[in-house]
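When the chains are written out, they are named A, B and C in that same order, and each has its own residue count from 1.
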Amino acid sequence: MSQTFYRKGFLALAVATALGASSFVQADLKIGVAGPMTGANAAFGEQYMKGAQAAADEINAKGGVNGEKIVLVAGDDACEPKQAVAVANRLADQDKVAAVVGHFCSSSTIPASEVYDEAGIIAITPGSTNPQVTERGLSAMFRMCGRDDQQGIVAGDYIVDVLKGKKVAVLHDKDTYGQGLADATKAQLTKRGVAPVLYEGLTRGEKDFSAVVTKIRSVGADVVYFGGLHPEAGPLVRQLREQGLTDVKFMSDDGIVTDELVTTAGGAKYVDGVLMTFGADPRMLPDSKAVVDAFRAKGTEPEGYTLYSYASIQALAAAFTGAKSNKGADAAAWLKANPVQTVMGKKEWDKKGDLKVSDYVVYQWDKDGKYHQLEKQK
Amino acid sequence: MSAANKPLDIKKSAVDAILAGLISLIVFGPIVGVVLDGYSFNLQPARVGWLVAIVMLGRFCLSLFLQTPKGLKILQGFESTSSGVHVLAPDYKSRLRWIIPVLIVIAIVFPFFANKYLLTVVILGLIYVLLGLGLNIVVGLAGLLDLGYVAFYAIGAYGLALGYQYLGLGFWTVLPLAAIAAALAGCILGFPVLRMHGDYLAIVTLGFGEIIRLVLNNWLSFTGGPNGMPVPSPTFFGLEFGRRAKDGGVPFHEFFGLEYNANIKFLFIYIVLFLVVLLVLYIKHRLTRMPVGRAWEALREDEIACRAMGLNHVLVKLSAFTLGASTAGLAGVFFASYQGFVNPSSFTFFESALILAIVVLGGMGSTVGVVIAAFVLTVAPELLRSFSEYRVLLFGVLMVLMMIWRPRGLIRISRVGVTPRKGALAYERKAP
Amino acid sequence: MDGIFLQQLVNGLTLGSVYGLIAIGYTMVYGIIGMINFAHGEVYMISAYLAAISLALLAYFGIESFPLLILGTLLFTVFVTGVYGWVIERVAYKPLRNSTRLAPLISAIGISLILQNYVQISQGARQQGVPTLLEGAMKFDIGTGFVQITYTKLFILLAAFVGMGLLTYIIKYTKLGRMCRATQQDRKMASILGINTDRVISYVFIIGAVMAALAGVLITMNYGTFDFYAGFIIGIKAFTAAVLGGIGSLPGAMLGGIILGISESLFSGLVNSDYKDVFSFSLLVLILIFRPQGLLGRPHVAKV
């Protein structure tokens, strides 16, 4: 049912935006929410929209930002760089947004952020973890999540220290995000003296990975690390198990943080024991309890990036309020200097726009198809 | 046809509508009515009801309409096979004489009124015009089905990115080089392949397009893989368009004492692109009147006859293939500098299909049609953006309807007939 | 090592037989009206959804035995997908029967966009899946290693070959098959001899869709997951298989599929999976250069 709820909300939003654009432009603070609303990763775009809408509603109920109501403008990039640039230009020029929450795929965020930078718009991405997003000297690009290199270090250390992996196979999905992560993990593993015995790419959209699985079998790997998203991770882990590799540990990243992993793996049985790195679950934090309850009361689960998106809107609202200006540059300067109390706890940003504290931890899926944060290992 | 005078047979239409309703119930029932949710499902019968009702109503109206004289005429249109080229009288004066100057004036005036968003949409449109024109030579004129056209586009775009990264080449140096490189690639691919029967060319080019994309994606150390590569902005006699010039240079706006405006870069790309499009249009216009252009079309219409007449079909095809490829190379350079970033996901098969759709929708071989279709297909998704999730669906419906309505494209190819010169061979050319 | 090699062969064989089933749709349609039906991959995708829907419905009504589940799913999926095949032909290709060669191609691309987005809108963008129906696997010990084949994969191989056999029988020995072959050889002549060629073309689309539906059920059972975008990659692969084996030839489609599957599997097993698609497309280009009609196709003879 969440599907229909979202859809109706989305339509209402589109109508509201259209009305807003025509009648009372002056009194609104427009914030673009850009991400894959269509295409293979549309699930994450939905999470973005859901979180951002809830946050905007709450802030508006409390009187808005600098006396102005937040109005969200959705932008669909379908995780394609070309569309991302077009959407960014539209948000910047046509809709004249003051800020953007987005994008999702790092390969979209990177070109789009150039556009926002030129237009002087502050942007904050809830989910793009590629280091390049903030490494290019842009002054108003922030992120609400960690970076792949941080995540890779956590994953690599965990494999060496806890799983005691001796022969590690590192796979990725040949995309900016997955490959970046796999590279970071590989680097950390090599640093710790456990160079991967296998390093290969899969093709996104394919479902048959039996050849690669057989290869994993032939090199005798005891740990498989996969950098990528759940549509590939699910079949991969299932095929590993089906070819008799039942005690090989499978570890992945924050791209599989969705209940759909269970569906893609063909049942909870197959995801049992799957490990992944993800920011400390925002739903577990005391700060988020009220918001999470509000979501659940409406019948939706704020999974994955929903709360990240929520927190991004909060951070932007705080920055605009704090800087007492609706200019991106002022808000960016304020955000780099001041901490913000968000639904995900207190957040601080460094000069590049990265979070000062990354909170990647390891999670494990259980036999009922739920994931739990593991106790911090020493 | 006496049917034209008959009264409308409402009963027949009603039966048609009920049949259509039944079929749409089978078709839409499961997919629309039963929404999967994990391993269980939610029933949504109302949506099916609406869809079936719409289909029935639509079928009923269509069935009634097809019984009217006008409808019968349209029905007959489907039965007939019309020939490819429409020949006009020798003294025919095309309306295009007026349209083209008007379009050029609009194109010149346009940037003064456009904001950056509009400007970027139009630049994208012009890039597709360029691609459409190039593929039009291959598919429209020479009749070679190329499903991997995007490979040459990628060669142009990556030519700029790689040339800048490794050789320090700029926009202006790469522009001709990319055209040459793409032409070369076209030549190498085309030579063995063009001996084959037409449909095999389609799959081989498709394979080539995929190979290029996969290599770009996988060769991480050279092309940056899926991360893509940055592309420099074009320069104007060494002046940069950025807010701050790199390496202590003077940016364009400071040199001319203008206020910084992010539009200038796009304005510049727009102007250069527009000039290139005009040039390509002109070249194409001349080529179709040269022997080689005539040979392309002759080969498209009947290959066996051409070979019997002594045309070297491989060379003629190769020339079309190469020219088309080089145009795509040009377009690639513009695309790369417009986006400021290239990565392999811009060069998928869908892109090839889109360009092919431009050529076919525009009317194969027709230049004006291609220009219009390129704008329709690139601007329409942007306009439809407010429909958000229905955008691509509508785009698909548009493609199918256009094909049914105008299978030969928006604008049919027409040639002005030839009047013999005085004193030349005294024969009368009859329009077929 | 030999266990590993054999395992790769088995992997390739199952993958290839699935490619082959979908390739049949391409090859038959091409054979009969000379058109590349780009929407065929999407027909497979629809059938995957239908299979999951039917499994969910059957489970809801409390049916749990494997034979009943699979039979019910197959019947339902095959029937509805067949109707899809018929409707697509009727709506998008039939009005274009007499127009240029490229018009139906564009219309097919349009249809594939429509189907993808129609499914996305009505079912949502999420990944879908079916629970594992057949548990367990067979393990063969060979020399130093072993080969493990799940029962699902065995079932796929079996079903694919039964499906192929049935189709070959229909084409070779039934009246419908004779009509199809006659239409393929010369449409005008066939219609003069009293064959309703329009209807035969419709049948061919339905047969293609039915084979895609069979593949859809099998693949969904094996991998357990799919989304609205699933038809694209597998469609291109199957099309490649059809051309590789000689487009227009039924055994060619199956052979092409198996060669493609095995070569992908062996290449990614022995060399590198990053470049397996580059390898299979290069293989295709090479075969076409030296044998332009494909492996089992008849050479193209132009008639004047």
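Simple rule for what comes next: a contact is a pair of C-beta atoms (placed from the backbone, for glycine too) under 8 Å apart; a residue touches a chain by one contact, two chains touch by 3 or more.
Since we're looking at a predicted model, the values are computed, not measured.
Within the contact network of the assembly, the step distance from chain B to chain C comes to 1. Each chain's centre was taken as the mean of its CA atoms, and the one lying most distant from chain B is A.
Comparing per-chain C-alpha centres with the mean over every protein C-alpha atom, the closest match is chain B.
Chain centres here are Cα averages; for chain B and chain C they lie 29 Å apart.
Distance between chain A and chain C, defined via averaged C-alpha coordinates, is recorded as 36 Å.
Within chain A, residues 3, 38, 174, 201, 263 each touch two or more of the remaining chains. Shown for chain C are the residues in touch with two or more other chains, namely 117, 120, 124, 128-131, 232, 274, 277. Residue positions of chain B with contacts to 2 or more other chains are 35, 38-39, 218, 389, 392.
Chain B contributes residues 23, 26-27, 30-32, 34-36, 38-41, 47, 78-81, 84, 139, 145, 192-193, 195-197, 199-200, 202-204, 206-208, 210-211, 214-215, 218, 303-305, 349, 353, 356-357, 360-361, 364, 389-390, 392-393, 395-400, 403-404, 407-408 to its touches with chain C in the complex. Those residues of chain A lying in contact with chain C across their complex are 3, 38-43, 46, 174, 200-203, 205-208, 210-212, 214-215, 217-218, 230-231, 234-235, 238, 242-244, 260, 263-267, 269. Contact residues on chain C toward chain A in their complex (touch as defined above): 1, 4, 7-8, 11-12, 14-15, 117, 120, 124-132, 137, 139, 146, 148, 150, 219, 223-227, 229-230, 232-233, 264-266, 268-269, 272-274, 276-277. Note for the complex: chain A touches chain B at residues 1, 3-4, 10, 14, 18, 37-38, 74, 76, 79-82, 85-87, 89-90, 92-94, 107, 110-111, 114, 118-119, 130, 132, 174-176, 179-180, 201, 259, 262-263.
Put simply, chain C touches chain B in their complex at residues 30, 34, 36, 38, 46, 49-50, 52-54, 56-57, 59-60, 76, 79-80, 83-84, 87, 91-92, 95-100, 102-107, 109-114, 116-124, 128-131, 232, 236, 239-240, 243, 247, 274-275, 277-278, 281-282, 284-285, 288-289, 292-293, 300, 302, 304.
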